[in-house]
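Okay, so chain A shows up in both of these, paired with chain B first and chain C after.
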Partner chain A sequence: MSRRERLTSRARSLRSTFLPTDTATGWALVGPGVLLIGAFGLLPVLLSLKLSFQKSDMLSDGTPWVGVDNYRKLVDDPLFAHAIKNTVVFTALFVPGTMLVGLLVAVALNRSLRFITLYRTAAYITMAVSTITQGIIFMWLTDRDYGLVNAALNEIGIGSQPFLASPSQALLVITAMTVWGWTGFTVIVYLAALQGVPAELHEAAAIDGAGPITRFRTITVPLLGPANLFLLIYLTINALQLFDEVYQTTRGGPLQATMVIVYYLWDRAFVQFDAGYAAAMAYSLFAVILVITAVQFRLSRRFTHYS
Partner chain B sequence: MTPVPVAPLDAAIDEVDTHPDDEPIAPPPRRLGIPFSPWHLVLIPITFLLLVPLLWMLITSLQTSAETQKFPPQLLPSQPRWHNYVDAWQAAPFGQFFLNSAMVTFVVLASNLVVCSLAGYAFARVKFLGRGALFVVLMATLMVPFQVTMIPVFLIVKWFGDNVWEGLGIDHLGALMLPNLATAFGIFFLRQFFQTVPVELEEAARVDGTSRLGLLFKIVLPLSLPALSTLAALTVLNSWNDFLWPLIVITSTDQMTVPLGMSYFQGAHVVQWPLLMAANVMSLLPMLLVFVVAQRYFVQSVASTGVKG
Partner chain C sequence: MIKTSSTGFRRRFTVAVVAALSLTLQGCGGGDDTVADGKPEIVVWNGYTDAQGKNFTALIDEYNQQHPDVHVTQLVSDTDHVLQKILTSVRGNTPPDIAYMYGSWSTNIAKMPKVVDLTEEVTQSGWDWNDFYPALRDAATVGDKVIGVPALVDNLAIVYNKKLFDEAHVAPPTPEWTWDDFRSASAKLTDSGKGQYGFTMPADTSETVAWHYLPMLWEAGGDVLNPDMTKAAFDSEAGVRSLTTLQQMAVTDKSVYLDTTNTTAVKLMNSGKIGMITTGPWDLATFTDIDYGVQIMPTYGGSDAGHQTVAGPDNWVVFDNGDKRKRAAVDFLKWVAAPEQVRRTSLATGDLPIRKSVGDDPAFVRQLDEKVSGTGVFVENLNNVKKSKPATAQYPEVATALGQAIVSVMLGRAEPGAALKDAAAVANTALDQK
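Moving on, here comes the complex of A and B:
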């Protein structure tokens, strides 16, 4: 920007800043949104922090201050530790699993063919399925006695599995069904990224004698960097907040094998009415998510290639 | 909803589905001597696998109870039992669930479009005192997971029910609408789009004395239909499929939304799989329809913003 341009733009911004009606108009326009988000987005963040230092059952008026007791209890709560462990296991399986399935499907779908629109719609459609519908379908698919999956396992000689009824398998079933539910979303992200890979690069490499696998490895994969990073963070944040699927299928059982952080939090707050403790738990989760987001900002600056 | 900066993806968004389907990216290999691309042999099994859960739901919804209690399962019903749908519809107040979900979704959608347009326009175009700081504060709320705010929001909604109007309180549909009437994400999303609308169009109209609201409604919004549609598609899907918040505030059957009602119905009819699946198909249909009709907006919304649930 030249000095002259800078001055002109400054003059222009000064001119519009000093239009007397603008502040009134501006606030009038943002008013409804600010009030609503203030009341249901901003104020609760502060109230929640306050609540995490109190004891409250959300019904009676007395909410005595208890200092950092809630946080101290959290550190010694074996069930919370167990919920963290389950959440971490779930996240570690779900995030790479979804990314792998999504990438494979997206690569297969990234071509011009007859009926490709139909194939794509079929892949995207899991996005429209609610977590509850999904949970009910998978309960039936993995039914111990009459489930389709057990029929298939018997067919190949493995034999029936208890699945959701088994402490060692329930979390795996929930992982599989959550991966299925997120496939549509992930495929859309990867397909958008794949279509952003310039065809000329592939053509040039092909002329130089690079085979399809070499081209995928040396051209496509590096250019998928931003999509990978985005999915890694976004899926992780969502995995840490797993709730619906667990509520619908196992309610944290059997033997607390699928007790995850948010399910425990909900149970503490809205079943046992221990709101202060649950708020402390929520703030701990918040801190973890913030750290992950911060790490993402760092990584995205270092590893992302902008073309 | 959690925001994630996706600047690098933005470049790719415009590319989604812009290739005409019949324009080859690379010449299809025909080495196998078959009259169609071998990729169909890969895509058909993949698609089938992805659709198995939905197909199995459909098949079970047409079976008799006796047929579902065979092992190995009978893969096709001997005679489709359509009456399962009637039975399921009558076994729970599904009509009420649908009506409730439709009302909540409609109010939330209409409010979001209006409120977020107004605010998004002000942030994009109007210079006002405190604009920068206000925008940063609003966007910061996007970082907060719902679990952090849900307990105080419950208490605030309860307060509204006790002090303002009963219909906004716990166990009323208003409690499902009130906290979702505007989203910081919607404001951000529309502001980004409004900024791409050429300001000269407005300046010309402004000389003619058109008011700010007039500019927004007559010039900017008609040019922003793709963005509004994308936001609408996303809002409808999120609102209709939301589960945790309805679970927290609603206890009466007659105030339940579709997902909550389905979960409740499943608990009561644990082993009647044909009825459950028939109900499941019905509960899925509206969003399936919306999704197929508005697919390109969903694709755009995901590719550009990456937000689900």
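Moving on, here comes the complex of A and C:
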């Protein structure tokens, strides 16, 4: 063995000691990330699964096992059923609402105008406003006696509405507020998708005599498929987890009209200290989200065109 | 070869794990036992801001100067969320030595490990435990265990806008008022054209609604729970009577502004849109734009329960971080809650005195009332605290159910009797799960 060969072989064996395989290198690099996600993501998820089979007030030491009692209690809890109903109503209004408003605004912004960047930024601003601020703005806007919205309604001869103070209107106001808050996000997604629609398709169709509405319907809309799918799933997941807006404005009221699942869960866990029950609720919600997302994926595969 | 590589990997992985863990753990640390020279260092968590913050900082500074053998520091954070933080810190084994906690949490606090039982301590000389108002002692006691030292006391009284009473030609409230007088005044003060209401009630989903209703229930001769706290008792004649008062005002007279978020009423009061509000001394400082008066609650004709109010007491809770720090923490609280410091704190902040010996001193009350007008009535009203919120861990659920019954009646969606019956059923289910 020549000196050179010896050196090479030694280097190889050194390398095999310290960097035995690419797998090890890979693990070493992602290790800290895996560890952090494991410790702060995965572990709590597993622990709360365990918690959902226990009775715990998070304060005292004893956490007796209660089997599926927490889940059984959920089935008989009228307030939980009520929260599910509210959440479903909200989701059914919020998701299509946000997508429609977002699409309209995006189409309006998808052209070359003077100061177009300014308009686009303005549309995105709703995303930059924090939920807290948004809540305060809407509370004052819709105040029964002193709000601007009622002042405007009075001007056109409509009587003052109680809005957030009314069990029948509060959820609608929260929906409107949330749609407003999410518009900026949907606009950005739709704008990006609209700009991916090839101009030559439109040109070709125009030459063939298709009007703008026909072109929008037959070219633009189908090509927005992936964006629609993404928004549908993403907005649905977020809608099912509605919390901040409710916490900030109505706290589930009036008369539980805006009591949604996550707010109820929070109230159970951190106001009434019934952590096991809240964990069972969280896991039920998780299962539902999983199923809904899977169904949405499956259904939309049929309708989504990626090119 | 494969074997070497896998052990090598495992070893390095372990190193990475340990490194990352030590990084994360370092972030959580900070519970050093003592400083280098053996002098106990104790930390007090509180939510004091503004005048209260200034006063408490001055107290700590003075205590540190007078007691060179300890060092007291503070960490200021919002009291609304302190229970969750305490929970985490106790689980992480790094609780503060002292924390300011709401009295409504007492039953929960009593269940936490590391909370120091002060039952023996407060019988020692120098505490004069019975000098604290009864409502405060109640809130600091769970079962037969003292879990805290009184920190603050509030109560509810009527704050009214003098100008609105003048304009409506209504005589301002007197201690002789009954709830009928209250109702008719409220109706006269209401002017829907001007968006003006005679009275306001919180109508959110929290316990606050029930809290504001408790004095009425008690004055009518009712109670929240039965004496052994196993069944709801608000579903009674007294309950219906007091809730009917609210129904008549809110539904028949439409003289009540229902604050569904429990945030706007105080602002509206200060803008002169509301005639009367039941609130505590903490709000007085915010009524800068109106000329207000304060009066104790009206009574129910025919009821011998007289004037009552509800107290909102808060506590200092001590956590066990070793004997030395525990002792230092208890000594510090003993000093803070001593009459001299109580008097000083009241005068500096407008808070009510937590000791009866201070509150019964007319010269002090006069001085306090000069500082924040109307506070004197609140001090005297402490003597009308005859009952306390039931000290049971299920109280939040009971109060929430009761609160929803009150809101549904005020919104005209239910009749008092039926609403209270439904709420009692919910409350009983909660109490059964004890």
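General observations
The rule is simple: the second predicted complex is superposed on the first by the 282 of 307 C-alpha atoms of A that agree within 3 Å, B and C clash if a C-alpha of one lies under 4 Å from a C-alpha of the other, contacts with A are read in each partner's own complex, and residues count from 1 in each chain.
Rule of thumb we're sticking to: a residue touches a chain if its C-beta (ideal position, glycine included) is under 8 Å from a C-beta of that chain, and two chains touch if they have at least 3 such contacts.
No experiment lies behind these values; they were computed from the predicted model shown.
Considered on the superposed chain A, chain B and chain C are sterically incompatible, since they clash. Of the two partner chains, chain C is the only one touched by A:60; chain B is not. Contacts of A:202 after superposition on the shared chain: chain B is touched, whereas chain C is not.
Applying the stated contact rule after C-alpha superposition, one finds that A:292 touches neither chain B nor chain C.
In the overlay built on the shared chain, the residue A:45 is in contact with chain B alone; chain C does not reach it. In the superposed model, A:253 makes contact with chain C only, not with chain B. In the overlay built on the shared chain, the residue A:128 is in contact with chain B alone; chain C does not reach it.
Of the two partner chains placed around the shared chain by superposition, chain C is the only one that A:272 touches, whereas chain B remains out of contact.
When both complexes are overlaid on chain A, the residue A:105 reaches chain B alone and has no touch with chain C. Once the two complexes are laid over each other on the shared chain, residue contacts for A:167 go to chain C alone; chain B is not touched. When the two complexes are overlaid, the chain among chain B and chain C that reaches more residues of chain A is B. Clashing C-alpha atoms with chain B after superposition occur in a single stretch of chain C, namely 78-86 (options considered: 78-86, 168-176, 222-230 or 402-410).
Shared contact residues of chain A with chain B and chain C: 16-17, 23-24, 27, 32, 36, 39, 58, 139, 143, 145-146, 270. Residues 2, 4-6, 8-9, 11-13, 15-26, 28, 36-37, 39-40, 42-43, 46-47, 50-54, 56-57, 60, 68-73, 115-116, 118-119, 121-123, 126-131, 134, 137-138, 141, 143-156, 158, 178-184, 187, 212, 237, 240-241, 243-244, 247-248, 258-260, 262-263, 266, 273, 276-277, 280, 283-284, 287-288, 290-292, 295, 298-299, 302-303, 306, 308-309 of chain B are the ones touching chain A in the complex. Per the touch definition, chain A reaches chain B in the complex via residues 13, 16-17, 19, 22-27, 29-30, 32-34, 36-37, 39-45, 47-48, 51, 58, 104-105, 108-109, 111-117, 119-134, 136-141, 143, 145-148, 150-151, 154-155, 180, 182-183, 185, 188-189, 191-193, 195-196, 199, 202-203, 225-227, 229-231, 233-234, 237-238, 240-241, 243-244, 247-248, 262, 265-266, 269-270, 275, 278-279, 282-283, 285-286, 289-290, 293, 296-297, 300, 304, 306-307.
Residues of chain C touching chain A in their complex: 1, 4-6, 8-9, 12-13, 16-17, 20-21, 24, 84, 87, 108-109, 111-113, 195, 203-206, 257-258, 260-264, 268, 273, 393, 396-397, 400, 404, 407-408, 411, 413. Listing the residues of chain A that touch chain C in their complex gives 16-18, 20-21, 23-24, 27-28, 31-32, 35-36, 39, 57-61, 139, 143, 145-146, 164-165, 167, 170, 249-256, 259, 267, 270-273.
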